[in-house]
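Order of writing sets the labels: A, B, C and D. Residues in every chain begin at 1.
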Amino acid sequence: PAKVARFEERVAADEFIEPNDWMPEAYRKTLVRQISQHAHSEIVGMLPEGNWLTRAPSLARKAILLAKIQDEAGHGLYLYCAAETLGTSRQEMIEALHSGKAKYSTIFNYPTLTWADIGAIGWLVDGAAIMNQVPLQRTSYGPYARAMVRICKEESFHQRQGFDLLLQLVNGTPEQKAMAQDALGRWWWPSLMMFGPPDDQSPNTARSMRWRIKRETNDELRQRFVDATVPQAELLGLKVPDPDLTWNEERGHYDFGEIDWAEFYAVVRGDGPLAKERLKARRDAWDQGAWVREAADAYEAKQAQRSLAA
Amino acid sequence: MADPLFEYLQRLGDDSLILAQRLCEWCGRAPSVEVDLSIANMGLDLLGQAQLFLAYAGEIEGKGRDEDALAYHRDAAEFRNCLLVEQPNGDFAQTMARQFLFSLHRELLLEALTASSDTRIAEIAAKAVKEVRYHVELSSDWVIRLGDGTDESHRRMEEGLDWFWRFVDEMFELDALETELASSGIAADRRALRGEFDRRMTEVVERATLEVKPSQWPLSGGRRGRHGEELSRMLAEMQVLARAYPDARW
Amino acid sequence: MADPLFEYLQRLGDDSLILAQRLCEWCGRAPSVEVDLSIANMGLDLLGQAQLFLAYAGEIEGKGRDEDALAYHRDAAEFRNCLLVEQPNGDFAQTMARQFLFSLHRELLLEALTASSDTRIAEIAAKAVKEVRYHVELSSDWVIRLGDGTDESHRRMEEGLDWFWRFVDEMFELDALETELASSGIAADRRALRGEFDRRMTEVVERATLEVKPSQWPLSGGRRGRHGEELSRMLAEMQVLARAYPDARW
Amino acid sequence: PAKVARFEERVAADEFIEPNDWMPEAYRKTLVRQISQHAHSEIVGMLPEGNWLTRAPSLARKAILLAKIQDEAGHGLYLYCAAETLGTSRQEMIEALHSGKAKYSTIFNYPTLTWADIGAIGWLVDGAAIMNQVPLQRTSYGPYARAMVRICKEESFHQRQGFDLLLQLVNGTPEQKAMAQDALGRWWWPSLMMFGPPDDQSPNTARSMRWRIKRETNDELRQRFVDATVPQAELLGLKVPDPDLTWNEERGHYDFGEIDWAEFYAVVRGDGPLAKERLKARRDAWDQGAWVREAADAYEAKQAQRSLAA
């Protein structure tokens, strides 16, 4: 109890908790769940973008997309490492993903249907991610906070690239503009869902905020995202697919329509449009790569033995 | 007949472009996140080299085609890459075998080209050779690790090298066009690189505890646009948007 | 808004066309020559049905597009096939699961359409229903044989059916467009077919010693052009020549 | 020896030998080799054509090609059955193919690079096959001869379809015409090689002809093919890639250039451009289908047991 009090005190004072510091089990568990979910999202998120990598319509755009996907793999790595400092191995985390026990962002269960979706993902999905992540640069767990600093810098770069891709489309041929509008139409609502259930259905929020694992509520972040994104859509000349969207002078915020929570919970449950395909792709990659990982281990072992013998 | 320099630059650019495209197919499907990262890394280097060589090719041609026009609006028979780079990925051992054989030849070629009398080529080569040197390292490491790993990885690695053996000679062919360009100091004499290639290749293969197979009937034709069945299929995917919307800029 | 009959005929034609294209991918790769033959057989039937429905669709549209224009010059979002038929082949068990689920629904639909007030539709349906009846037989046989075969085939067949389950409901959806066409006797009431489908499907699944999985979150969107990620990839291949040489006739 | 004499007599009298008749071992072996090679050629031949099936540029052409490939699978089946009447199982024949022991026509080791190749295969390859096969309708082994009657009818249909495909191309756009010319350029020489080595290097020809397994020599058939095909090329307005090709008034035949026999023997040896890919494709199909064939066998066995128990 003295430990707990001391811990709570440090966190309240915005001190960083480090791997070897004492922490409550629930704090550790919540963090592992949150960080590994974030790591899995980066890795699964490579798939919808990778779907258009081989079809990118110019060499420059192909290089930008490949670099972006590479960054995501890198983020996945930092985050797995951060989670490992909490005593959970990467193997365990990956098995939890493959068994469906661990989650990843619901958004990656939607399909990328045209090239414009690559722009929409950069602009909206990375945009939403930034909203979530910027406050986490001051999260209470040191390794996580430091990973976030680096990730946020790259994410905002990605967001600008996504916006730029769409800008090119809306200034292009009528087909290109239609493609961009269609993409916004499909990605808008799933992006809003990225912030999670509404506050009144998010029971752990209070504790996570006290622990500085979360620093703002789902609804606050969602509102901030809408407020930031709607003007950008106007800049692009694209229509947000929400008839209820209006500027509320009094609140100083946009009012927006009701999210289809039935769809949200279905996707969370693992029933997203491409949920099965995504998990299968990850599992297949992992299973088909097993012999490579085993070979690398065997080689390391032999090398260790050789240097021992030498 | 097209300008020989234009032809030559397409050869250099297409080798990079087509291999980069193959590497892109691995995206999100590699044996580990670390491997995904390093494949993306090589893909990016190769894409960059392709852009530089093809942009220069377009300038030499002088018909207003840029690197994208060349990448996205030529048919398979107009591509000038060697056969090796267009071969399907196969398993990870095959991918690394292909990468090793190509990168080793490419490092030697680029090294020679840093002394090209064409300063633009020399500049591109100077930048690219550093990147490719790292690809040689990375792929050699995998050849050794897999060759000297488990029984299964040994077998796969051996089969992987064996599978691509017939495409190696083509990379050292010096046809009339390159002979002429080499005599004026623009191109490199590919034949002169073979000894060093064999030496270094053998060194890695031996460290990998693998055996080099007796030479097979060598295949060639890529430099004349005579490719295998897979290139047109790959291009159908790669070029689909550019072809479907010819007026669009991206 | 496009003519409802034009829309409806595209749905009928695209279901056949896209599944035929998937079956073509098996060519030369089936578990035996006999299976290769029977897959080609079904593919030919489906291609023929696609030609008839799409030719009629083009006439109804009245803009001079024939079946080839529709097959080769629409983008993915313009295709009206259900999601089930565009799903990748997977292994042989998956291919047969898909074939069984689709063919059974299709047989019932075509049977109903033989009584369509549109005589052209009724004629095509009368011809097609005989072909599809055979597809149901053939794929049922495989579902049973694999389900009641070895442990491995049982597992694969169960996974195959399970994998496609979420696409079944879409085939029985009746949207406003079809409701209207059905009320004038042109289209069939898809919902009315579900009972018979379930009955016959269950019969086969039970004979195959398999279990029907609890229903999953059903997916749909194909009829509105909202497809999965694989359709555009398939079309890139299928349409490549027509797109690359828009002026050519073949 | 009496049996041999009686056998030779019957063959010389153009009587059919049937499965249960006595026959010399060498006759049986030669036939099995020849028929299974022919069967393998039908099956492997599906691959280069299948390569363009998914890309056929019109629905009608796609249906024609699919029907053609289906016919080839059918031919493969008849021929396997004919060979089985000689006491060799299909399993054995397929294993011989996959191990590289059994051969198939060298032509299928060349790649199909454009749609025009589909026309060239129908016109030239099926054309050459017909030249080889028409005389075999009167071959001495009954089941083989009867299979040939049916096969020849379908092959000449395929040849006309191939010619028709090319006719459409040469009357099309300049790119289409160039495609047709390129295809003829690549397929001409490999087609001439289909008739096998020159007579003076074909030691078994005499015996095979005596046994009516062969009814004309390689060079005779090759000449007949050239004589029939060159006028067709002229009709198409395409140039045969042979500078030495000229009409020889005296002989009443076309003279033609020397075949690259080094290439021929390399391809026979298994070094054709796509030889490895073709065998791998067949092996993969067979291996990946093993569980299906096993399941079918297991099911049959269960059914047999059930009907026994009933």
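Basically, a residue touches a chain if its C-beta (ideal position, glycine included) is under 8 Å from a C-beta of that chain, and two chains touch if they have at least 3 such contacts.
For each chain, UniProt lists the protein as follows: B, C = Phenylacetate-CoA oxygenase subunit PaaC.
All of these numbers come straight from a predicted model, not from anything done at the bench.
Student: If you tally the C-beta contacts, which comes out ahead, C-D or B-D?
Tutor: Top pair by contacting C-beta pairs is C-D.
Student: Among the chains here, which has the CA centroid at the largest distance from subunit C's centroid?
Tutor: B
Student: Averaging only over C-alpha atoms, locate the centres of subunit A and subunit B and give their separation in whole Å.
Tutor: Here the centre of subunit B sits 35 Å away from the centre of subunit A.
Student: From the C-alpha centre of subunit A to that of subunit D, how far is it in Å?
Tutor: For subunit A versus subunit D, the centre distance works out to 57 Å.
Student: Of all the residues in subunit A, which ones touch at least 2 other chains?
Tutor: 55
Student: Of all residues in subunit C, which are in touch with two or more distinct other chains?
Tutor: 232, 236-237, 240
Student: So how do the chains connect up here, line, ring, star, complete, or something else (other)?
Tutor: other
Student: Every touching chain pair, please?
Tutor: Those chain pairs satisfying the definition are A-B, A-C, B-C, B-D, C-D.
Student: Help me check something: in the complex, which residues belonging to subunit C touch subunit B?
Tutor: Contact set of subunit C toward subunit B: 75, 232-233, 236-237, 240, 243-244.
Student: In the complex, go through subunit C and note every residue touching subunit D.
Tutor: The touching residues are 17, 21, 24-25, 27-37, 40-41, 43-44, 47-48, 50-51, 54, 67-68, 71-72, 91-93, 144-146, 148-150, 152-153, 156, 237-238, 240-242, 245, 247-250.
Student: Using the touch definition up top, name the residues of subunit A that touch subunit B in the complex.
Tutor: Within the complex, subunit A touches subunit B at residues 43, 46-47, 50, 53-63, 66-67, 69-70, 73-74, 76-77, 80, 115, 168-169, 172-173, 175-176, 281, 284-286, 288-296, 298-299, 302.
Student: Over in the complex, which subunit A residues touch subunit C? Could you list them?
Tutor: Spelled out, the residues of subunit A in touch with subunit C are 48, 51, 55, 111-114, 182, 266, 269, 271, 273-274, 276-277.
Student: Spell out the residues on subunit C that touch subunit A in their complex, using ranges where they run on.
Tutor: Contacts found on subunit C: 76-77, 163, 166, 216-217, 219, 221, 226-229, 232, 236.
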